[in-house]
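Just so it is clear, A, B, C and D label the chains in written order, and each chain counts residues from 1 on its own.
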Amino acid sequence: MAFSPPDFSDPRFSRSPDAKFLPAPADGVLPEGFFSTTNLPTYVRVKGAWRMPREPRMDASLVLAPDGEVWVREMRRVRKGELVAVGFAEDGSEGIFVHGDAFLGDAHEGEFKFMTSEVSREKPIDYAQMARLLVEERARGGYPIWVLGPALVHSRARADMTWFIANGFAGAVLAGNAVGVHDIEASIFATTLGMTSDGAATSGGHGLHMRAINQVRAAGSIENAVAQGIIKDGIMHACVVHHVPYVLCGSIRDDGPLPGVFTEMAEAQDAMRVHAKKATMAILIATALHAIATGNMLPAFVADADGTIRELPTICVDSSEFVVSKLKDRGTHQAFGVVTNAQDFMHILRLYVERELDARGGARK
Amino acid sequence: MAFSPPDFSDPRFSRSPDAKFLPAPADGVLPEGFFSTTNLPTYVRVKGAWRMPREPRMDASLVLAPDGEVWVREMRRVRKGELVAVGFAEDGSEGIFVHGDAFLGDAHEGEFKFMTSEVSREKPIDYAQMARLLVEERARGGYPIWVLGPALVHSRARADMTWFIANGFAGAVLAGNAVGVHDIEASIFATTLGMTSDGAATSGGHGLHMRAINQVRAAGSIENAVAQGIIKDGIMHACVVHHVPYVLCGSIRDDGPLPGVFTEMAEAQDAMRVHAKKATMAILIATALHAIATGNMLPAFVADADGTIRELPTICVDSSEFVVSKLKDRGTHQAFGVVTNAQDFMHILRLYVERELDARGGARK
Amino acid sequence: MAFSPPDFSDPRFSRSPDAKFLPAPADGVLPEGFFSTTNLPTYVRVKGAWRMPREPRMDASLVLAPDGEVWVREMRRVRKGELVAVGFAEDGSEGIFVHGDAFLGDAHEGEFKFMTSEVSREKPIDYAQMARLLVEERARGGYPIWVLGPALVHSRARADMTWFIANGFAGAVLAGNAVGVHDIEASIFATTLGMTSDGAATSGGHGLHMRAINQVRAAGSIENAVAQGIIKDGIMHACVVHHVPYVLCGSIRDDGPLPGVFTEMAEAQDAMRVHAKKATMAILIATALHAIATGNMLPAFVADADGTIRELPTICVDSSEFVVSKLKDRGTHQAFGVVTNAQDFMHILRLYVERELDARGGARK
Amino acid sequence: MAFSPPDFSDPRFSRSPDAKFLPAPADGVLPEGFFSTTNLPTYVRVKGAWRMPREPRMDASLVLAPDGEVWVREMRRVRKGELVAVGFAEDGSEGIFVHGDAFLGDAHEGEFKFMTSEVSREKPIDYAQMARLLVEERARGGYPIWVLGPALVHSRARADMTWFIANGFAGAVLAGNAVGVHDIEASIFATTLGMTSDGAATSGGHGLHMRAINQVRAAGSIENAVAQGIIKDGIMHACVVHHVPYVLCGSIRDDGPLPGVFTEMAEAQDAMRVHAKKATMAILIATALHAIATGNMLPAFVADADGTIRELPTICVDSSEFVVSKLKDRGTHQAFGVVTNAQDFMHILRLYVERELDARGGARK
């Protein structure tokens, strides 16, 4: 990459003072306010001349040698009394200039920073804010859509999802056949794909999802299966009982499918879009396929009744940074990524929503 | 892979009955108790002869054609009245034999099952059991060691970790210089590597961890920095105040390091092993390096005072299956993997421990 | 986990000799043939009595103290002349017994081993063997099915995939609408989702896949678009020109779709299964959805014309261990996982196939 | 997020023409040059007035209804003869304005694009360019440093790494004790941690790395072990034989360690920095710890002998996007990420370097 050195005849530089140096108070200890280096080309003004320190690296200090040379040196290697540059400004105004523009694109705003990645498991998750959003959405009659992948059911976050549906936090639930199948298997047999809630594979378990599907097909519909007491609890049960609309979309990996699953993809997309159009918030959990499908048909903004326009809160939860990045790479740039496990996300989010409701002094509805 | 067909002259087969078939009650609906296929070589006894069904696949049914041929057919393609095999046994005792041994290694015990992987984000996490273990360890005077990676601090699980230390759940804390640095930066500047608790990178933030280190080096030790009020809260503060021993090990990526960090690796290992020898439980969170290091020096078992021997509970938490598998691949086979985010793990684990304490009727200590 | 100590009155133990100890030849150096410890309960026969060594850990040695006590000690801590146990047997036959059965399940066959995980980026990939398989399949008129995800196209492995199709290594190609769309966008505009082959996003690029789809829709079919010179190269072009059947399945995230895409899921599954039934080998690359869908309908075995039965070679390539584990967890246990990038996989596989062809002396077709 | 609507009284808007609409040529086919929508607030000028289209989503078209309303509609739903907006400009100059600035940060330069993530397995890898860089570095006497993690050795990329060392492409090799141990175990026993080159765990294999270490400790140094024929091939052998300097740094997870490993971390960092200072290129493969450590001490730029300054080419190879992002989050923003397997990377890179050398007409050294 080409590099244009700074023009030190420019007034902003010619007016700069010399850099200030203070003695290190002890071996391996720097003076308060020391300048902390970056890995970028850096220039230090010493006796009116701008010079590049030797042996550049980040996270180190600038030490002035008796001969006027400036050295980049690790804290632990600085000896008591050595002269160490102080200052925070990197724009030359205190005699030190970090030439960031040349090396850092617009994405970094020309400043050296840590932790600038958009999606990372190392980023704190602000559950309180998400809980506030959800509670406000319910209060104002918003339409949050929940888009769910099968891991949510395998990991036994069913109970928490059911709670959100039962308590009015879901405008609609969008998922695939598998979510319905696992949820119903869990209701009938207490397993998902034959796995118990302890995570153990069971003998003969490989057929249980087929038996669950068959019972619902025999009943004719999920609604009938709920009415007949075949499905007694869980996500699908809650949708039926609480009249929350759901869309189950088919895919080529489906068994069955369950009655009511949209197996024609244009119809499935149209059915999803009915809800995408109304959405005022979107929570996408543990599914690349459905998250990207929803993102494709979701505006990045909400136009409120009074004509104002704001970003559509879009939360994407996955165990891997990749799924969130992929969603953003497909244009859903407004997505906020939460890198965690579906079970844990649901559990904590519910907890915070309950706290938020309590804080609002209220009946939980 | 070589394959030996079953020897149907063997008495276990010659005594088998013919497979039983029942008519499908409706289009796309199978009779109760239908046999659900696997992808393994399968043999069906029809009129005394064992025959392989045509067009094998898993998750389907066995349909008997008028000509005696047996077909593997998806549920949705079965028509009312067609004859469908019923039965659960796969050992031939009901006329259907699945030849699993040939294809499935010992790991599968010769049986076709789903969800047999050892480590997966799709496995439910049993927080109640982990909480019980921790509470019991505390009650019996056990010595749980906590091994921490920096993501725990970045993700702001500091408060929860501090709670565990303050409440007697940590025998010792083992970590690297970075955990100490980020924890102390968070206490002094409310950032980690310049990132706020909202996950935002701050201007000038790249030097804050160096300033935190410098303050502690100036104070002479972490203990002094706590005594002088420089470090006011957090993990290191809790260890000092509650007299919980900690070991901070150095590495080649360290800044500083903090005073008290073991920078000689043989000494660091010896310091860790003091605690590994005493350990009655291990919780390894968000660190491959320290988890594997600890696993290397940890027995897989605990010998209790009365001479009995039991597995040493070893919990390994990471956002990726890979770290847990890698730990197991290095011989720590007893590790139980939890694939999630450090922040969420700590938050929920604390919640369950609090519930467990409440359930035990008690003062939380 | 419960633990039954070994019964040392058993003849296999009572006939054991005492363990043998040799002096360390130098500080920090062990005698040849030293016994290397595991983390499992271990018993050492000293003067006729079985004793457990103190301070157990793996990767260490057993040192006999003058008082008859046996200590587990790291190599670096052993001093010249100290008595170190030698032997390889862990079954007691040389006086050392490792009690593996109690702690290791059947999956480990009761033996402590490293690197036993089934799927890991740390496992070597045997391209030579895969290449041999492919060449043999072609020679014997086999029917390898290739199941492709969009990352293969984004990463510009199109040319290599095209080569495999053109040279007779593909019985059929199964993929989704997106693979067709990206492949055709690459042919017409040299981008995929607007990204150039350098990985750069282009201005105005977000509409290019729609323009590609529109051109094919206007032509009426992919075949027409090839005939009219709209599509000039790539995967779809190769399928059409070389008469290799392909199935493009729809999904809810599709744009367009392209003409010929199966948008009804039962029809799509039926279309896929036509090829799954014929498959003698399966290569699944960079797609969870299509890999699992194919795995669901694929027998784990091939019945050759002469009646012999063998495992169906099933290779699953993904950047993450998770997708391969998920596929296995859905019953496709025979899948062999290759954890790598689609571009690299295709490139090296082709290279090895070319070498194999050259080695066979021959015309490459 | 707050949103300011565009000021349509601004001259740039008042001078805009009405948007142009053309009839769809057939059902589900759009006119050439159609406008492809984004998910951002969009305004269309119809009869002099700017209006927002209804039902916004990305990847769709704008259809003008007879009543003057503009609808966002999927291609497949457009009927022959309906009026569809055409144009590419999103700045209002053709009557369509996409209000990107409000929603997209500087990182996106106000333009809606796909595939903007910095690190992704879906990005093409430009091996030709990397090969050119390496060949040029060698030609000009540069100093490329190679930083290696153990997966490179497990995956059997040893031969390729050895080739690069032997052929003058490595200024220095930086790694940990484990890389040395596995490499030497592979040379002596043909295993790594007891795993064969087929990826199989071997009986008794868990002690082989300890036996390898012990042999080298008995020899006194890696150099001696090479001289005595104990180490016959591989990475360490190549470094010794070709006089390429190497630094093996210790860590708390080390067995042994090998003689010559730096076990004091300040010394280890100083030893690494000797090479970091000279580096003109850095290739970091399959190691988070060593990559970040090296990144910390590496300037982002190279000052060439003639005083010009350019970015220091820094390639980071890992199976996961996370490691590359983490490295960047620690300030090594110049790192270019390659998301793949170490074995494949090394194999292809070598191939391209060989081709580049051949293309330069030449002796390969």
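The rule is simple: a residue touches a chain if its C-beta (ideal position, glycine included) is under 8 Å from a C-beta of that chain, and two chains touch if they have at least 3 such contacts.
Since the model is a prediction, treat every value here as computed from it, not as a measurement.
The interface holding more C-beta pairs in contact, when B-C is weighed against A-C, is B-C.
Taking the CA centroid of chain C as reference, the farthest chain centroid is that of A.
Where the sister copies chain C and chain D meet, the same residue numbers recur on both sides for over half of the interface positions.
Per-chain Cα centroids separate chain B from chain C by 21 Å. Computed from the mean C-alpha positions, the centre of chain C lies at a distance of 22 Å from the centre of chain D. Mean C-alpha positions place chain A and chain C at a centre distance of 29 Å. For chain A, residues touching at least two other chains, in rising order: 38, 58-59, 76, 112, 114-116, 121-122, 193, 206, 255, 257, 266, 269, 296, 319-320, 322, 329-331.
Taken in their complex, chain A has these residues touching chain D: 1-3, 5, 38-41, 52, 55-59, 74, 76, 103-104, 106-109, 112, 114-122, 266, 269, 273, 276-277, 296-301, 303, 308-311, 321-322, 325-326, 328-334. Contacts from chain D toward chain B in the complex involve residues 193, 206, 249-255, 257, 263-266, 268-269, 272, 288-290, 292-293, 296, 319-320, 322, 329-331. Every residue of chain A that touches chain B in the complex is listed here, in rising order: 25-26, 28-30, 32, 34-36, 38, 58-59, 75-76, 88, 111-116, 121-126, 150-151, 154-156, 192-195, 197-199, 201-207, 209-211, 213-214, 217-218, 255-257, 319-320, 339-345, 347-348, 351.
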